[in-house]
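Both complexes shown next keep chain A, but they swap its partner, so chain B is in the first and chain C is in the second.
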Partner chain A sequence: MSSRFRNSFVAIALLALVCGCDRDRQEPRGKPLGETVPMAAAPDTIFPGGGRPAPLDARAAAYEGNAYAIAQGQQLFTWMNCVGCHSHGGGGMGPALMDGKWRYGGRIDQIVASIANGQPNGMPSWRGKLTSQQIWQLAAYVRTLSGQARKDSVGARAETMSNSPPQTQTIRKPVKPADSAQQ
Partner chain B sequence: MRRILAGIVAIVALAVIVAAVLGAARPRHDALATTDYGSQSPAKAVPAADASPPDDGNWTMPGKDYASTRFSALSQVNRGNVGKLQVAFTVSTGTTEGFEAPPLVVHNTMYIVTPWPNTVFALDLTKPGAPAKWVYRPNTAAAAKGVACCGPVNRGAVYADGKLFLNLLDGHAVALDANSGTELWRTQVADIQKGETITMAPLVAAGKVLVGNSGGEMGVRGRLTALDEGSGKIAWIGYTTGPDKDVLIGPDYKPPYPKDAGKDLGVTTWPPEMWKIGGGSVWGWLSYDPKLKLVYYGTSNPGPWNSQQRPGDNKFTAGVFARDIDTGKVRWFYQSTPHDLYDHDDINEIVLADVPGPNGQRIPAMLRPSRNGFFYVQDRRTGRVLSATPYSYINVYKGVDLKTGQLVRVPGMEPQQGRVLRNICPASPGAKDWNPSAFSPVTGLVYIPHINLCQDMGISNANYIAGTPFVGADVKMYAGPGANRGVFTAWDPIARRKVFEIKEDLPLWSPALATGGGLVFYGTMDGWFKAIDARTGKLLWQFKTASGIIGQPISYRGPDGRQYIAVPSGVGGWAGAIVTADLDPDDPTAALGFVNAVKDLKKRVAAGGVVYVFALPK
Partner chain C sequence: MTASGFQTALGGDALESHNFLTLFAVFMIVCTIMYLLVIGALIIAMWRGRRRGKELVVETGRHHETGPAFRTALIGWTALIVVGLTSLTIASFFTDRSNASVARDPGLTLKVTANQWWWDVEYTTHDASKMIRTANEIHLPVGVPAEITLQASDVIHSLWIPNLAGKQDLIPGRVTDMQLLPRKIGTYRGQCAEFCGIQHAHMALDVTVDSKGDFEKWVAAQQRVAFAPTTPLQLAGYHYVTTRECSACHTITGTPAGGTVGPDLTHFASRRSIGAGTLPMNTGNLYGWIADPQSQKPGNHMPTIGLEPADLHAIVAYLETLK
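After this line comes the complex of A and B, so read on.
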């Protein structure tokens, strides 16, 4: 085996390792993030004087597309009865979460705000019932329902009983912004 | 002898003249309304006389009368001229949720109740275009929509004694002055924080307003509350589950079968404490027999849908109660579906009719096209089942044992955790859901608008969290045998057979109306309002309304003496949620699995909220 080949093999293995780790990176000893729910910019909002929506919450990076967070969120989605209203993304008592249309914003921090605060047409407020971390995990899972997360971070097996397609086959639906705050 | 003969002739002549004078003085509708429909054929069912008074041309409650016949004796529109029926006027309600409530007509005023936010319009029918006399806006809580399992619908108001009674989605019963729209009282009878809403129409009788709660999918504890008609104060509460003192079971309780006898069955037929969150809500239809002073109604499915979490008969869910209206005490209870496995509520309409008995006598009975697919004829004095016959395709039940009253299941069709059970017929909405049948005393037939759906079902552990769904099931529905999702069946309750059936492509979610003109009306989810021949089922007239029809059609006599037919158009409810809530057909389990059965609906119909009123040309 030539050394060049060995080198490129090592390089590829290293690259795979780095990418592979990234998708379910956990930082148990990292700098703790603030345990508060973000004040995400409301969707469909006018910023008088031509202001801009708040930037994406810094914590989003730790949850968005993170396999561990998504897997935890998926369990919570059933355990906390989210599934009873939103089904497996198609909706029911609550709106669909897989169609890219967002009444109250489809950015992960906006979804976190909706889960924590509730919304006026029947969405319950989970603040104080779930930890902030759990709420972020749920939001990370909710983002996968419309295919927003990387395919290597979602579960390849459908959790549902009635042959819904698995997450890896969910087609990405562009989040339809009510305004620029949702991008 | 001759003198006697002359006397007799004179008396007869006098009688004839008196009869002629009386007959001429009577308004023409009475002639029809007092017809003894039963005398035409002794083998027919006839409406319970005390619960079904002669038609006065009004429509004061959703079921038309206490017997829930949904029959109008008006006959101006008939098989010969119905083809000429045309729009008289229309009213927009400004709502786009499922529109189930029938308009009411009393003293030349039409009352329309909308789905959430439960606005009431009172329209003056004596003026052109029916302008509003008053509009009532109750400010119903928007959060209630989040705990209404199957659309924020309302099934109608009731007019009685100058007052209008209705229920608000957020758990309040209200009484309005029918003349002014002023709110007379408002009583909270359900709590949205526990997942309770009210979608049913109240029943008003014997000075009581009877109101039930919805939330069989939210782990509520079902109950019927009786309010004082004048003050709105709670007179009694009869729970569906719990100890006998809560269910109001006492010495008067006479169970029709030994299986329904015992102490505190509302506790002992459940795992510990599960009766407190066991459903059995009261969201459907009530009937009332003024002679027996009994109110009849069915209870919803037990919760959660995952039946392995609640071994036992789960009393007193998925069955029929007969309660004394003054005290609420239970007279009898019959459990149609013990330990329900598939969400087969028993809340459907109960038609009070007298049926021919074996020795030529008339048996006071009730006719019930049930959600589990059987058409029950029961003695309404005792609850004993006289017959129970499938009126739709069933593969999970074999039949009903008339000796024990027990529903007999097909083995192997019990859902189990961790696996998917396929081809369950009928599906969760049953052979027929909430939308009531009509009963025509002219033909003696029950006209059943219903559905033909089967489903796959997988169950999993459900956690109880107050104010959230308590279901534990993934469901995927699809068309049953024949691929038609809806069926309209004319059923002979005595011969126990269908007389005709009409296959409809979409699930039928609209109630039916039968009239003295030999007609039956119903609507489809894509908006066609149809009139058929009550004897043959032949389509005689149809009109395409703006949205889909899931609401109760009615017939009334207008101030000009003409017969009018009115129907709400506004798709929605469980079956139409895909349209009103913009659900995503890519998820077959959406709306508790109903979305998979109506994937095409968004293309075929849009939401709306309009009342159409039809009449013959002048």
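After this line comes the complex of A and C, so read on.
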């Protein structure tokens, strides 16, 4: 084995190790403990005449693409009866979550704000009912319904009983606000 | 043959475990006799062969040509084997029949649902107003056959109450069952006996076998709705528990708290433990559990809320009234 080949092999193995650790990092308490969900309306990404969207919330990195957070979010999705309105992502009384259309924004911090604050026409506010860590976990799971999460962080098999196809087979939809999708 | 203890498979405190202990004794006696005979015969053969000091005798298979004494011994040996195996078979058969007879006329029906990592217990009756729901504890009247329906909500668990019965798996999407006929009053420990995740070791339940009078009293107490708060501190706790995070998962009968994800808390303070056998029930442990369940039972599904001290005091004060 040439030394160059060996070096690249070691580098790839290390990279795989580091990525692997990141994928399933578990924070049973949420970090930091006193974190709060943004109190204001959803961070906007649409501006009349063009403008700069707010930067992504720093907490997004800890939840997006984290297998543990997504699995917990999936359980919460059933437990908190999100299924009652959104079905298993297909929508019913509430909008579908598995397509690319987002009335109130498809970024993880925008979804967090929608869950925490509630939205018109029936979406209840979950602030004070769920901890902010749980809301972020739910949002991380909701993002996987339209294939936004990394494929190595979603389950090939649901942690709980489920009749949906495995999430590794979800096709990634481009994220666009609902009004632009209608045009 | 009966060892008494909080958790022992040699307890024999219910019909099933008693039957199996008897069966175990029968097997032990029969097998010990046969074992001693075989080893005894072997020792005699070695001793005699060594004393004779002749050349090696090769087994010819022509036993009919040997002496009558040897033939009688062989026939006797065969008969002994037949008698031994037959008695084991008969003993097994009657043990099985006796255990099955419990299911014929259950005086009490329960539904136990295993969750990661706690037990949901429901006493089913035709009258919905008399239904009891509790968690991590089972009360049974002595001498009354109980039929327990077993289900699981997430992964495979196994219910094991060693003093009373053998293990029985609880499988998601399937209904299994277990029959118990308790014979002795006492408190026993049951546990999950199938690895079910990170907190498998902290998934225990208390099984209390009461006299019939005590059981009726317990049932009456459990059928009551939760006590109303009396002090201002308890009232503050009541408001927090019934309107905030707690009520999203827990039910307290007679209040707006109606979540079904976590254990029913209606008579929480009357139980012996917190967190499915994780901690003994007392004020200090209750503070620790409410303040940070993730440090008491890491990975369990109850989140650390990050409560303000005033809320924590109020919640503990209220929960302690839920006798």
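In this section, the second predicted complex is superposed on the first by the 136 of 183 C-alpha atoms of A that agree within 3 Å, B and C clash if a C-alpha of one lies under 4 Å from a C-alpha of the other, contacts with A are read in each partner's own complex, and residues count from 1 in each chain.
The rule is simple: a residue touches a chain if its C-beta (ideal position, glycine included) is under 8 Å from a C-beta of that chain, and two chains touch if they have at least 3 such contacts.
As the structure is a prediction and not an experimental result, all values here were calculated from the model.
Colleague: Among the partners chain B and chain C, which is in contact with a greater number of residues of chain A?
Modeller: Partner touching more chain A residues in the overlay: B.
Colleague: First (chain B), second (chain C), both or neither: which does A:Pro174 touch?
Modeller: So A:Pro174 meets neither chain B nor chain C here.
Colleague: Kindly classify A:Asp99 by the partners it touches after superposition: chain B alone (first), chain C alone (second), both, or neither?
Modeller: In the superposition, A:Asp99 touches chain B alone.
Colleague: When the two structures are overlaid on chain A, which partner does A:Met80 contact: first (chain B), second (chain C), both, or neither?
Modeller: both
Colleague: If you stack the two complexes on chain A, which partner ends up touching A:Pro55: first (chain B), second (chain C), both, or neither?
Modeller: neither
Colleague: Indicate the residue numbers of chain A shared between its chain B interface and its chain C interface, in ascending order.
Modeller: In chain A, residues 79-80, 160-161 are touched by chain B and also by chain C.
Colleague: State the interface residues of chain A toward chain C in the complex, per the touch definition above.
Modeller: 26, 28-30, 33-34, 75, 79-80, 128-131, 133-134, 159-161
Colleague: Tell me, which parts of chain C touch chain A in their complex?
Modeller: 154, 172-173, 243-245, 247-249, 261, 292, 294, 298-299, 301, 303-306
Colleague: With touch defined as at the start, can you tell me which chain A residues reach chain B in the complex?
Modeller: Residues in contact with chain B: 78-81, 83-85, 87-96, 98-99, 101, 120-124, 160-165.
Colleague: Inside the complex, what are the residues of chain B that reach chain A?
Modeller: 142-149, 217, 419-420, 456-460, 462-463, 465, 467-471, 473-476, 577, 581-593, 595
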